[in-house]
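Structures follow.
In what follows, chain A forms one complex with chain B and a second complex with chain C.
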Partner chain A sequence: MNALLLSAVLGVVMMFSGIWLKSKSAIRNVAIVGMALLLVVNILEMSGMIFFRIDTKGMIVFDRFALLFDSIAFLSTLLYLFLSAQDIEKVGINYADYFALIFFILCGITLTSSFKSLLILFLGVEIISIPLYILTGSDKRNLKSNEASLKYFLLGSFSTGLMLMGIALIYGDKGSFDTNSINLITETPSALIVAGMLLLLFSMAFKVSAAPFHFWAPDVYDGAPTVFTSFMATIVKAAVFIAFIRLFEEAFGNLQNKWQLLMAIITVATLFIGNITAVFQQSVKRMLAYSSIAQAGFMMLSVYAMNAEAKEGLLLYSAAYSFATIGIFAVLIKMKDYTFDGFNGFAKHQPLLAATTTIFLLSLAGIPLTAGFLAKFYMLKAALGTGKYLWLVIFAVIMAAVSVYYYFRVIQAMYFKEGDPPVLQITPVFKWTLVILAALVILLGIFPNLLLTWYYF
Partner chain B sequence: MNGSTVIFYLLAALTLVNGVLSVSTRQIFRAAIYLLFTLIGIAGLYFWLNYQFIAAVQVVVYVGGIVVLIIFSIFLTQQAGEKLQKQKIGRKLFAALAVFCGFGLTIIQVYQHAFYEPAETGVPVSVAAIGQKMLSMNDEGYALPFEVVSMLLLAAMIGCIVIAMKEKKITDNEPGTSSPDHTGKE
Partner chain C sequence: MTGVIGCGVVLASFVLSIMVFLQVKDGHSQVVDYFNFINVGDLKISFAFQLDQLSSLFLLIITGVGFLIHVYSISYMQEENPGQFGRYFSFLNLFIFSMLLLVMGANYVIMFIGWEGVGLCSYLLIGYWFKNNEFNKAANKAFIMNRIGDLAFLIALFWLIAKIGTVSYSEVFSATNLARLKSSDITIITLLLFTGAAGKSAQIPLYTWLPDAMAGPTPVSALIHAATMVTAGIYMIARSNALYSLSQISMNVVAITGLATAILAATIALKQNDIKKVLAYSTVSQLGYMFLALGVGAYSAGVFHVMTHAFFKALLFLAAGSVIHAMGGEQDIRKMGGLSKKIKITYITFLIGCIAIAGIPPFSGFFSKDAILLAVFEHNKILYVIALLGALLTAFYMFRLLFIVFTGAFRGTDEQKDHTHESPGAMTIPMIILAILSVLGGLVGIPEVFMHGGDKLTAFLAPVIPLQAGEIVSHNTELILMAISSLLVIGVVVFAWFLFRKTRFSESKGLGKVLENKWYVDELYEKIFVKPLNKLGAFFNSVFERSVIDDLVNGVGRLVNYGSRQLRLLQSGQVGSYVLLMVVSMVLIFILQFFIRK
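Presenting the complex of A and B:
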């Protein structure tokens, strides 16, 4: 509850700071301090200090899972602001409003991670989506950005419509939005419930860009300003996954044997399309867009498996994936040339940046001693734990091996090719935040319990 | 045939005739106006069923909002007075076939469905009851989602301003980004 209220208030504060504060660095500092405050307040709530006790009538429940994910999201956003807040300046003139929109998105994230009522899920997803449409199109002079925004808006509205239709059908059958009472389903669910569940499944799959609902993702991620791609491909995507797993565990958990095969098919399709298409990309930004689809495929494994390990694994995965991808995007923003060749000879000129980028890429590829390895390990273990569909696990491992190819292409360009990449100026804060991120990735890869103990205590 | 049935048939005729006209006219502006009357006819049916709230929403959202939006976009994009091209006969044939199939499917569904009288006569839901429910803090109230909606609207409003606000002449920007030819042409 702390974080929900504070993030909404901070959104308003950022809106006003755009009027009152003239200098851009002051606005930036307000945003960073606010973000740090949000993180602290949320951690305080995890240790039992709840400032606002509001009876939500069971519509929102802040359990450990939700609170821990919120903390991960806030920490990632804080690091993201340290790295990229200065680059947001270059997008357009509404500097403070971009931060306001980011805080509103975080507010939506706290809602979707803790909902118990489908109404709150819908509102949370919308609060996340609408600012994202705007952020995608915020580079107003760039036609690509406009196109991406329009595409995202139209397709996103369509999927929201599907979600609303699904909720209406379920309400029509059960007369309730409450996930627990929806889950009281007997052996044979009615046609309304099945149709509603499928519509919800499709719309959530769209929001996490799982195949075959992924078509918007590459264009939108490529067209959006890179600073905002970094935010929406990591924190927001992980948040929607948390909502996804919550929805299907709490509302449709009893029907698991009915939807599990469908989920497995979506997982396989997402892994296949994401990984194979990423291999053929020439631009690193577009490769990362497809890689985020591929990573979504791995996260889909947790929704498919839906056991204790899956939830643990999803938390670890969202942390590992967010940290690494934010880091790579932050480096990418500093580059002038987004192709693979743009990274030629990067290691000679920026050894520290190249080293941290290598750690992030290794983590995304799932090499041991990085957080990405353990995250993938948890996912595969969870999928094995269901005792069904062994082919799914084998396929996922093969696809992880494929992903090594395109991640290592960047490393190869950085270390083994000659070149002189032009790089924008780099501040010490940027460097140190990157080092902290890399350290976090390695630390979580060796001691995942540093994060996961919070889930239980 | 009592008065109520007569009113139903009148409303149904209004809806259907305007619906057919709206897809068959060759002037796009007229199509929008016929659509307006179709939607009013549907709102009338809701009134006839005594669903005042839904009827009011139908009028406010569809008749008042959506149709006006459609008319605006017609004026912005099309030459409103000009007639559209005549459709080829093959297209007409297939369109008629599609409509016929859809109609048949609906009819089959309606006849297969077993309609039955509700055990208890439904309580007419007044607009006041809906409003109280929406703002009530009781167990069945929806005060929290109502408040959350306000946040959604605020975010949307900020977004509109970000997108629509005119940019001032920027002078302190990097060279190249503010020039008009930097539009990412492919």
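Presenting the complex of A and C:
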């Protein structure tokens, strides 16, 4: 509850600071301090210090799963701001508003991670989506950015419609938005419930960019200003996954045999399309867009498996994936040339950046001793734990092998090709944050319990 | 500075080893368990050290002799530039570390770690002068030969784990676990372990790497390829005596292989002209004796010979190093001669080493070799005669070496003649200490016949190596045997004196040529193993690698690339087509859900 209120307040504060504060750095500092504060109050709530108690009639429950994920999201955002706050300012003139929108999105994230009622889910998803439409189109002079924004808005509205229709059908059958009462076992679920569940499934799959509802993702991720692609492909996507697994566990847990096969099919399709299409891309940014679809395929395994390991694994996965991807995007933003060739000879000119980027890429590819490896391991273990569909696990492993190809292309370009990359403007803060991120990736790859103990105690 | 650090740490280990030894001597053997090293299912392997009589004795030998050789190295390697000097000492220290790990481990896995570690250091040090391609080849040969043995060792470990689920000594050698093993299992495990030992300790058929290993610096030959590492195989079998004693077949294999190696290497040593090669074959031959001792069940005699051999062989190598140093790098004995006056200390120490290795009483070699010969005599008279013959060969080739190098006329160049000088103190002092040990080292194992309770070593080792209750030879027979062997050895020495006092080198013919070419074993291996394997490799490379594997791998890659190009087309950029595709898939899913799976 602390974070929910504070993030909304901070959003408003940022809007006003844009009027009152003249210097860019002051606004940036307010945003970073606010972000740090948000992280602190959320951690305080985890250790029992709740500042606001508001009766939500059981529509919102801040349990450990929600709080821990919020902390991961806030920490990622804080690191993201350290790395890229200056680049946010370069997107357009309304920079204070961008920070405000980011805080509003975080407000939506706290809702989607803790909802107990379908209404709150809807509210949270919309609070996330609408600022994202704006951020995607924030580079107003850029036609691609505008196009992406419009596409995102159109398709997003479509999926919102699906979601509302699904909620309406379920309400029609059960007369309630409460997830627990929806989950009450009926002998044979009515067609209304199943249809509503499918519509919700489609709209959530859309939001996490799972195939075949992923079409918006490459265009939007590619068209949006790179700083915001970084944010929405990582923290936002992970947040929607948390909502996804929460919805299907709490509202439809008893209908598992109705949706598990569908989840498996969607997982396979997502893994396949994400990985295979990424292979042919020439631009690193577009490759990362497809890679985010591929990673979503892996995260889908947790929704499919829906057991204790799946939830643990999803937390670990969202941390591993967010840290690594934010780091890569931060480096990518600094580059002028987004193609693979743009990275030629990078290691000679920027050894530190190249080394950290390599660690992030290794983590995304799932190489041992990185967080990405253990995250994938958890996912596969969870999927094996269901005892069904062994082919799904085998397929996922093969696709992970395919992913090595396109991730290593970047490493190859950085280390083994001659080239003349541009001189980059790198601040010490940027460097150190990257090093911290890389250290976190390796640390979680060796001691995943550093994160997961928070889930249990 | 590098040298001081390098020697200092070994000296510190030596001091600690003495403390350990004193503790063990008071009966405080212990197993120190540090942490769980490997934990898989029911298999638990802990990282533990075992300090008992056997390991503490080896600790003393390794760190003591090791320290002396480190000191010697400072002076011997002086001409190396500082960076290379540091590299040398880091390898040498790493070797000591691995060797200590090998003997201190409380289970076979820790031993194996040390085993691999010493193999690595041996490789690095043989190829220390890596700019010489021949030396690199020698290093590779040593490494590959050792790998063959290591593989057998590993299989033995897996076998143990599969059958009794443990590798720790205390558990493997416990009566219950030994009873659980079938006798065929024990035979296989012990034979595999012996194959490992044969690799490391240069026994037939894996011995050929050791003579080539002389490519390394001489102190390395002294430390690794004479005194310590090559005795790891002896240590392993002595450690596993409980297993070996249960398999008569393995014991016989060990004994016969040891004896055959001893004789074969001794015959080759007769005709070698490189001072280090002679010593190398002599080492192989002496190792053969140790295995012979193990094979007839006289484990403590084998360990005794390890100890005395460490003293006199290290001494001989260091003295040889001193000779090479004096001759400005010359190793061919045909170009030496008459050195006894110019390098007195070296001469005297070398002489002591020769007397010790030949087994002339009361030098150390006499006691240990006599213990082995006696045990062999108790076991089998024919083996005894052959072993005695080997001992005579030993005396012959060692004194041949001594006379050719140190007596007669100088045969080198004039430049060498003027240059020849005694080595500095850092080299001669370790030699003198080792010479003293070579003289006195045998006194820890005085046979019962001379002194009641004189065999302190066997008594000391008794907790680890149970005393064998075999047929005891009467004291009279024993005395006669000793007298025969000693007199024969002295006779051989005199014979060598007359033969080599004034040497003339001529082209060898017949058997001599065969011996000079080491029985053509290297050529035989080349023909039987190396060439066919190379051919097979070339075949697999051209057929399987190129056309099968490569095509398969590249084919998969091309397929993925092709798929990627096609799938990319789905991403048209048209919102309308996106919505269409989404709706179509939704409809399909609805159909699947409502009509296909009820």
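Definition applied: the second predicted complex is superposed on the first by the 456 of 457 C-alpha atoms of A that agree within 3 Å, B and C clash if a C-alpha of one lies under 4 Å from a C-alpha of the other, contacts with A are read in each partner's own complex, and residues count from 1 in each chain.
Note that in this section a residue touches a chain if its C-beta (ideal position, glycine included) is under 8 Å from a C-beta of that chain, and two chains touch if they have at least 3 such contacts.
In this text, all values refer to a predicted model and were calculated from it rather than measured experimentally.
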Chain B and chain C placed together on chain A: clash or fit? fit
In degrees, rounded to a multiple of 10, the angle chain B-chain A-chain C between CA centres equals 160
Practice prompt. Considering only touches as defined above, state whether A:261 meets chain B (first), chain C (second), both or neither.
Written response: second
- Task: Go through the superposed model and pick first if A:134 touches only chain B, second if only chain C, both, or neither.
- Result: first
Review point. A:273 contacts which: chain B (first), chain C (second), both, neither?
Key: second
Counting residues of chain A touched by each of chain B and chain C, the higher count belongs to B
Which superposed partner A:142 touches (first chain B, second chain C, both, neither):
first
With chain A overlaid, the minimum CA to CA distance between chain B and chain C in angstrom is 13
Counting only contacts in the complex, chain C reaches chain A at residues 557, 560-561, 563-565, 567-568, 570-571, 573, 575, 578-579, 581-582, 585-586, 589-590, 592-594, 597
Given the complex, residues on chain A that touch chain B span 8, 11-12, 15, 55-57, 59-60, 90, 92-94, 97-98, 100-101, 104, 107, 111, 117, 119-120, 123-124, 126-127, 130-131, 133-134, 137-138, 140-145
Chain B contacts chain A in the complex at 137, 139, 141-142, 144-145, 148-149, 151-152, 154-156, 158-159, 161-163, 165, 167-168, 170, 174, 177-178, 180, 182-186
Listed in rising order, chain A residues that touch chain C in their complex are 151, 154-155, 158, 191, 194-195, 198, 202, 206, 212-213, 215-216, 218-219, 258, 261-262, 265, 273, 276-280, 402, 405
